[in-house]
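Heads up, the next two complexes both have subunit A, just with different partners, subunit B and then subunit C.
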Partner chain A sequence: MRTDLESAIQTLRRHAWDDEIQWPQVERWLNNFQGEVVDREDEQLYALYALTRFMYFGRSLVREMLRSLYRDHFEAPMKQRLRRANNNTRDVQLLENLYQNELHTTRFLGVGNPAESGAHLLYYFRQENHLPKNLFADLSSAFEPQARNGQTVGFVPRDKKVKRYVFFDDLVGSGTQVSQYLSGCLPSIRAEAPNVELAYMCLFGTKKGMERANEADLFDGRAQCLFFLDDSYKAFEKSSRYFQSSPTWFSLDIMRRIAEHYGAKLWANDPLGYRDGQLLLSFSHNTPDNAPPIFWDENFYVQWAPVFLRYSKIY
Partner chain B sequence: MLIEEFKRIYSRDRVPVQVDFRKLVSWLKVGDQLTHQIHPYPAKLLPHIAHFFVHCNMHGGEKYVLDPFCGSGTVALEASLAGHNALVADANPLAILLTRVKTTPYNLEQLREATKRIVERAARLRTAPEILVVNSEKWYAQDVKRRLEILLRSIKEYDDAEIKEFFLVCFSATARKVSRIDPAIAVPVMLRTKDAFSEQQNLRILERLAWVEAARPLDEFFRICHANISRVEAANKVNPGRKVVNVVSNDARSLSSDKIPPAGVPLVITSPPYGTAQKYVRSSSLSLNWLELVPPHRLAEFEGHSIGREHSPAYRNEISAQALPSAYESLLVEVSRTNILRAHITRQYLLELKVALKEMHSKCAPGGRIVIVIGNNEVCGHTLFTNEYISQAMEDLGCQDELVLVDQIKSRGLLTKRNKTASVIAKEFIMVFKKAK
Partner chain C sequence: MIDYSIYYQQELHPSEINGIAHHDIFVSAFNSSERVRKVYEQISADRKIWLVHPEYRYDADELPQNQEMVLPKVNNEAEQTYDLLASLGPLDGKTLCIDITGFMRHVLISLMAGLARVSVAQVTVLYSEPESYAKQEATQFSTSTSGSVRTILGMRQTRDEQAPDVLILGVGFDDKLISEVINHKEHLVVYPVLGFPSLSPDMFQQSAIRAARSAAPALDEAWITKRYFAPANNPFATATVVSEIVKRLDLAGIPPNIYLSPLSTKVQVLGFVLYWILEGQYRGAISPLLPECDTYAQETTIGLKRLWKYDVELQRK
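And now, the complex of A and B:
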């Protein structure tokens, strides 16, 4: 059984993971499981099995997704809009000119701190889609702080020619982050510049995260994602899709106990990932902390070898 | 001018003129934003008061403003925004750090670049030296503390010293924000729900506690940096050429003479520590530890050097037998009936305060003004009239009181009521003395 799983991982490694995870790394990770919940052998079997269910997106896949996000969620709908606004014109050149105008009055911004994967990904997004550098900004260079009556600080766009700001991220999990960063300033930007469009786009969005992002104080219905992760992506719940057709020896309950037990040593309050994320999801450039820490944490108090990395260097 | 009007009323009635500085200086539009709020500090002065006197033009010629108890630098910032040279002193190194950072006209691009570099580096670092913080297990989840240490390492390894200070301030604000400390109380106290609170209030507390448990220090730090950069930007707009403060001492009782113009400073504005009420050292203990300005085991000794301390350590027992004015002597007799220690601390406070007043007087230019902002407090149920004590002391030094204002300030109620012997200070006196020519 173990050999079956091992060879499954080897195949994944080579074909789906672009050789980005080396086998010794997997072995070191398996060694973290030393039989504190069930037998050591069984724990490692569960760990291996969970790894085969993990959604890992290597470099080439991520780049493909970034192209598709731009093409299908920005360029195509925009061109359609322009065509409609111009009597359904079939003049390709005209349309292209109009589109370029729109594009150049758009700014793409990352959400969150510059070490977060969203910010890195924005860089690849620009490369992949051959976009000029001046279309990219960050919060403080795009918006100017304002004080009124000595009290409230609001924000206004610095460049009055910009018509739309598209906030960009790789994943919206609990929605806490996007809300902490932006719920303070988006309403004031809206109040100051009602004609400016504020939109959000990301590769993956959970149900909860997308709901939050689409609330009135954030993107008010203008948040979209390439892949929608419904509640079946919560790995250790009954409805989990990751472990649907599992082998007979597998018990979701034991799986959860193992993840929780070791997870709690690493991240006491969120043993299954940030805000109980339970996402089995990682990218070659980063593992979101919504994934259970047993997969990615490099702890300082507890000896632990991660299998995926958080915050790896820009490739 | 308004000040002339006040002076006229005061010289006629000789009773404190009632004012409300918030209304009086309502034209202070951006004044209480700017860099005033970059970091919490206990008993901050209302910026309006500093703004008002800095702009009063009671002093001609050379533009120097001295604040020997500068605290978080409210006076210094208003002075430097108004184009003056701010000279400051404070016993608390956190106060000096805040004051310097507040008054520095940083280059915004540099700050933005540095934020990015520091945050990215912190995200990749895996280890950092442990920082000793008093009661840290109580305030932090293990994981949060570790992340803070890594972040601090990244900041410390930044090369530009002036810029580094800005980020140390942001860090210190972050370390407080992601702790389990009650944000409404100046001294570190655990945030807890209480039966006495409304359901809604308790719900908010629970929410905040849950937030703290899963807080991501790096995220919070980034947000605070971003907010503080906006504040610097706003201050830069008011006066891009403002001058950074000059630190003249760490003790108001002895100010260095070589940094103060030999002719003296034309304007002193200061709010000395309050009697026995404020807990400056304890309320900044977390920051002092984190920034390694004072390690945990030296906090008590450090407190011994500040005026208005909470304790009276044995090793500073050189209590002078010097007599106080008779009204205060009899007050202390009353106090010592209930609490000898309090009486002792109060005596020490009053005597030390007098030394500081003498020192600022000697550094003031002839014909210059000394503006003192002080509240009264209670010691064991007796009101300590610090304002009258100061008036008397200044008169003894040959100063005339030109004006006394009184403001019904409640904003400085950073006092805890837990200590029954020190109660809330309701009013604040603003006294203007003129040094004889």
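And now, the complex of A and C:
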């Protein structure tokens, strides 16, 4: 049984994870499970099985997602809109020219400051899609704060020719971050420049996060994600898709107890991930804190070897 | 040059099926998936036709009552296409909608090429995405094959004996079929096209595990170094990727003989055949190739996540 699981992980490492996770890393991680919930061997079997269900996206897949997000979710829908507006023309050159005009009146911005993962990925987004530098901006270079009595009361687009701003992020989990960064300024931009389009694109969005992003004070129905994570992506709930066709020895209850027990030692308030995220998800550039800490935590106080690293940010 | 991104596509919620414009004729391949039945029931059309593939091996008492059906007797795709087109009658001025979800791959390829050949300009194609596959990476699709791998009837193009042979392989869950195709000929250079973005994020890893099982050790490296990606639910992006691969191969040296073998989602099959219809057949030495399926599982999926509508334009001008 253990051999089969180890072999499945070896296959994943080679064929899906691009050899970015080394086998000794997996072994060190397995050694964290020392039989505090059930037998040590059984705990390690559960840990191995959970790892075969875990979704890890290496560098090449992240780049592919960035390409698809642009090609299939920005360029193609825009060209189809232009085609519809031009009597269903099949004049490819005309559509390309019209598209270039639209593209050059678009600005892509990261959510958060330039050191955050969304903004960081914009560099690769630009590279993969051969886009010029001037299509990218940050909040302060794109919008001018309007102050009254020394207090910022609104934001105005600096470049009047820009028709749309597309905000970009890797993951919207609970929706807290996007809300903190943008719910204060988007309504004022909308009030100052009602014809400007404000849109949002991300690689992964949870149900809760996408609902928040699509609220009126944020993107008002113009938020989209490449991969939608519905509640079946909550790993330890009854509706979990990860463990849908598990072997007969597997019990979701034991799996949850193991994750909760060790998770609580690492992150007492959120043993299954930030705001009970329960996402089995990681990228080459980072692991979101919505994933259970047993996979990523490198705790200072508790000896714990993570399998997917998380580079914690200091806010 | 064909810009496939200008072709219309639309994502629909399952509750929006009855909002799809009325068509003169609707065709769907009968199988036991809830998503296939649901679309058939809710779509608006003057004529609704079930194509019953013999590969599903339905008994007469399992088939729907009082509904129009085409029941080909043999697996051969040319005859299945002929039977279907004959029952549709003249298509001039008629609007046609096809749900490709339950179609057998070889018949789907043959039918699209057949429609293009009889000068159908446009067809509305529907595809319903499952919530998940029934047994994740253990799901069985083709229950048995004849062991023979061959080009689709009526679509084989002359091979250049001096040129190398290349296989552009749409990689899906069906490792047995993948294995048959890559092993059927010696000195075949394989370019795997992986379905990514996948229908859902967990499906990519499931298909990677399955595909790895089928790859001969010699192909292990090609699996990593020669791979391309195309979205599992976008035929136009898939056609773009296939077109790019062929262009790169043609620029790199002697233009090779190319075999197109889409063993992935039906949407990717549509993308591969659309490339062949609009570009490949004019380049020459490009032939669609598949293993022969004897029987096929009647149900492999759970639920209906969303529906895709593609306006497929089959003529170059």
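In the analysis below, the second predicted complex is superposed on the first by the 301 of 315 C-alpha atoms of A that agree within 3 Å, B and C clash if a C-alpha of one lies under 4 Å from a C-alpha of the other, contacts with A are read in each partner's own complex, and residues count from 1 in each chain.
Throughout what follows, a residue touches a chain if its C-beta (ideal position, glycine included) is under 8 Å from a C-beta of that chain, and two chains touch if they have at least 3 such contacts.
Bear in mind that the values here come from a model prediction, so they are computed numbers and not experimental data.
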item: Subunit B versus subunit C as contact partner of A:Tyr242, first or second or both or neither; value: second
item: Touched partner set for A:Tyr274, first subunit B, second subunit C, both or neither; value: first
item: Partner chain in contact with A:Glu211 - subunit B first, subunit C second, else both or neither; value: neither
item: Partner chain(s) touched by A:Leu229 [first = subunit B, second = subunit C, both, neither]; value: second
item: Touching partner for A:Ala76 - first (subunit B), second (subunit C), both, neither; value: second
item: Which superposed partner A:Asp39 touches (first subunit B, second subunit C, both, neither); value: neither
item: Partner chain(s) touched by A:Gln180 [first = subunit B, second = subunit C, both, neither]; value: first
item: Contacting residues of subunit C [partner subunit A, same complex]; value: 1-3, 5-9, 131-132, 134-136, 138, 196-197, 200-202, 204-205, 208-209, 211-212, 220, 223-224, 229, 231, 234, 236-237, 240, 313, 317
item: Residue ranges of subunit A touching subunit C (in the complex, touch as defined); value: 8, 11-12, 14-16, 18, 53, 55, 61, 64-65, 68, 71-72, 75-76, 79-80, 83-84, 90, 92, 95-96, 204, 226-227, 229, 232-233, 241-242, 244-245, 281
item: Footprint of subunit A on subunit B - complex, ascending; value: 26, 28-33, 108, 112, 115-116, 119-120, 122-124, 126-127, 141-143, 146, 213-214, 216, 218-219, 221-223, 226-227, 229-231, 233-234
item: List of subunit A residues in touch with subunit B within their complex; value: 112-116, 138-141, 144-145, 147-151, 153, 177, 180-181, 266-270, 274-275, 289, 298, 300-301, 310-311, 313
